[in-house]
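In the part that follows, the structures are each spelled out as structure tokens.
Look for subunit A in each of the two complexes below; its partner is subunit B in the first and subunit C in the second.
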Partner chain A sequence: MEEFLKHSLFGLSGLLGVVCAVLVVTRKNPIYSALFLIVLLGTIAIDFFLLQAEFLGFMQLLVYAGAIMVLFLFVIMLINPRGDSLPDEGGATDRWVAFGVALLIFSLLFTAIAKSPRLKEFDSFPGMAAVPETVMGTPARTADHGSLTAFGYEMFTTHLFVFELTSILVLSAIVGAVHLSLRPRRRKREETEAALDSSHGREEHAHV
Partner chain B sequence: MMEWFAENPVLSGIIKAVVLFAVPMQIVPGLIYFERRICAWIQDRKGPNRVGPIGALQPLADVVKLLMKEDIAPKGVDRAIYVLAPALVFIPSMLAFAIVPVGMDLQVFNPNSGVIFAITIGSFAVYGLSFGGWASNNKYSLLGGLRSSAQMISYEAALFLALMSALMMAGTVDLNVVVRDQIAHGWNIWRQPVGAVLFLVASFAETNRLPFDLAECESELIGGYHTEYTSMKFAMFFLGEYIAMITMSALMVTLFLGGWSMPTFLLTIVHDWFGVAISFDQVTLGTMFWSIVFFSAKTSALLFLFIWVRWTLPRFRYDQLMRLGWKVMIPVALANLAITATVIVLMED
Partner chain C sequence: MFSLTSCLYISAFLFSTGVYGVLGRRNILVVLMSLELMLNAVNLALVAFGRAYAAQDLAAAHTGQIFALMVIAVAAAEAAVGLSIVLLVWRRWQSIDVRDLCRMHG
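This part shows the complex of A and B:
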């Protein structure tokens, strides 16, 4: 019964996800695209929950659906494209190129998954709740699989180097953003100072 | 009775969910009444006093008015999102309340990720405000929506960092363990005063209450994101704001003010007055009752603080709000977190 519920939930969320993904691309209004992208990210979180990766699921919701999409929405609303002001979607050539790229990525991923040696070790279709006890000889799931503790432990032991590397990447992006936001202000300040200096000089002349 | 609850997890879960949904819903009209009475008191006015004794039936009259009002949607609104937005404000705040332990080990459900659930779900409330502001096809509403999305993102970071400082004291995300840790070592407001202040300020910003209600800002934006809403849709926005206030107060109480517990000297007072001995070692019906009383008392006190601040402080200017968020709150929260971590590590050795 539980297995059946999980499978049907996976099916439903998968279906909803695919429909939303299509709607994200096809909606003319970017606000609707953003709305469906939020729902799509939510369905991915459901898949994480079904795989008992609870913490990862919440992070998916918190970071992508809860934070990044808010910034997306902010930018879309700032531009506020409505009716006639919506930009052109591009011609038929663009669509064929996009379709070709999508097909290429899909076939690449499909072959990669289908040829994976791990596939045989799953007793059902990958992505379902049935995670095997061992994958390639190592235990696939511990007692607290997917919990915050297990996740944090893995992050700061096995994957410490990659984790720190990612944090440096994020840090450099922050520094870049701060630098870009400061540049026009500094230039403006220099201009104001120069203007003040010249007017000041003129005043002194007047006094003399 | 406690055994019955333990033996019937499904049934007791449904009962808990229904009761813990109904109670905040019923508190909101009363809270609105009290807000109006308290603000009148602060401003030396009388406040609502015509409907019923001391105006106590005013919330009922308000609800009837909101229900009977004609539902008007202005021209050019984006119908689907316009209807969706009020629900998007209300539902996340209500869901986040589900994990708050309102009494000893009493919560609708307790996921492994604990309080992370509450902050994740709570962060979705911003979509209601932004979508509502956008769909209204009104430049004031749009500005309100824009402001709210920028504000929520900015203060969410400070809120999480302040929350982390409280969680680090107990070393867990399970709110019941956080409360038990506070019973053993004293309330987090004494151990994490900086974190507590940051959390309180950020929760004012997250609930869009004065001095941070820039999304509404009636003197500049008429009503901000809810300018174009009437009748029940407007009431949903209103309800969402108050439920968010209750949820935030409840979270603050649980994280920093000892949750459903009480310090020993107050327990002895309860013992002297009512002749009941309370110990938080095991869950009994009496302890459960008193833990709910303690929790409600603390949450009510915080809700009073919310109202008090609203009618005392003037509104921030938008650039001041952003400067406070990014240049004061977040650096202080990060420093607080670093110091907390260092002290914890040093004390372990």
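This part shows the complex of A and C:
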């Protein structure tokens, strides 16, 4: 019964994800694309839960659906593109070229997956390796491999350097985003100062 | 049904749909969303591979998941910077057409 539930949930979420992916790239209005993308991210979070990556599933929902997509929706609402301001999607040739490239990539990946002999060994997700009783002399509290404890332990020991690199990346993104959003305001202030200067100059001329 | 190969097929389909969106659309916002779609497809493949190899080595599952988390961080950074550039372009030219970006000659 549990197995059946798992299979049917995976099938449903996969089907929904595929349909939503097609809708994301074909809708003309970006707000529909964003809404379908949120559903798609939810289905991928379901896949993560089924793959016993619970922490990552929650991160997917929090960071992607909660933060990144809200940012997208904010920008779409701020710009509010509709009617004339939506760019005209190019002619049929552009679309067919893009479709051809996408089809080529998909068929390459498909044959690579279908022909791979190694994948068959692990196909049905065999049971996990045993959790080690002790890690570096201390008793391990790693109950199952998707849990936060095991995940955090692995991240802050084996992959610590990558974690630090990510912090630098995020910091530079913050600096870049702040810089990009501050620049027009500074320019506007200079313009108002210049306008004030010129009006002062005119008044002085009038007095003279 | 629920197997490594089916996960990879879904991932491959999502990735190529994202490629179509990046190449075929002219709306910057949709192009950025298609990029997110491609990153998510890769994440799914990474976690599925990690789970499959966990039978031999438990650290493999963690490595796949940590890699996916790093991809999420990269996606967040990319969305933040990309969307602020989109806002700048909109303020300057009132356009979200990728062809208008040709006007930025360095």
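Note that in this section the second predicted complex is superposed on the first by the 143 of 208 C-alpha atoms of A that agree within 3 Å, B and C clash if a C-alpha of one lies under 4 Å from a C-alpha of the other, contacts with A are read in each partner's own complex, and residues count from 1 in each chain.
Here, a contact is a pair of C-beta atoms (placed from the backbone, for glycine too) under 8 Å apart; a residue touches a chain by one contact, two chains touch by 3 or more.
Note that the structure is predicted; figures quoted are calculated from it, not measured.
In the superposition on chain A, no contact is made by A:160 with either subunit B or subunit C. Comparing subunit C and subunit B on the residues of subunit A they touch gives the larger count to C. In the superposition on chain A, A:80 makes contact with subunit B only, while subunit C stays out of contact range. Applying the stated contact rule after C-alpha superposition, one finds that A:55 touches each of subunit B and subunit C. Shared-chain residue A:37: touches subunit C; no touch with subunit B. In the overlay built on the shared chain, the residue A:66 is in contact with subunit B alone; subunit C does not reach it. Taken together, the two complexes place residues 55, 67, 71, 78, 146 of subunit A in contact with subunit B and also with subunit C. On subunit A, the positions that touch subunit B within their shared complex are 31-32, 35, 38, 54-55, 58, 61-62, 65-67, 70-71, 73-74, 77-78, 80, 82, 144, 146-148. Interface residues of subunit B facing subunit A in the complex, by the touch rule stated above, are 78, 81, 111-113, 116-117, 119-121, 123-124, 126-127, 130-131, 133-134, 137, 142, 145-146, 149-150, 152-153, 156, 173.
Every residue of subunit C that touches subunit A in the complex is listed here, in rising order: 1-10, 12-21, 23-27, 29-30, 32-34, 36-37, 40, 43-44, 47-48, 50-59, 61-63, 65-66, 68-70, 72-81, 83-88, 90-91, 94-99.
Residue ranges of subunit A in contact with subunit C, taken from their complex: 6-8, 10-11, 14, 17-18, 21-22, 24-25, 27, 30, 33-34, 37, 40-41, 44, 47-48, 50-53, 55-56, 59-60, 63-64, 67-68, 71-72, 75-76, 78-79, 81, 85-90, 94-95, 97-99, 101-103, 105-106, 109-110, 113-114, 119, 122-132, 145-146, 150-151, 154-155, 158-159, 162, 166, 169-170, 172-174, 176-177, 180-181, 183-184.
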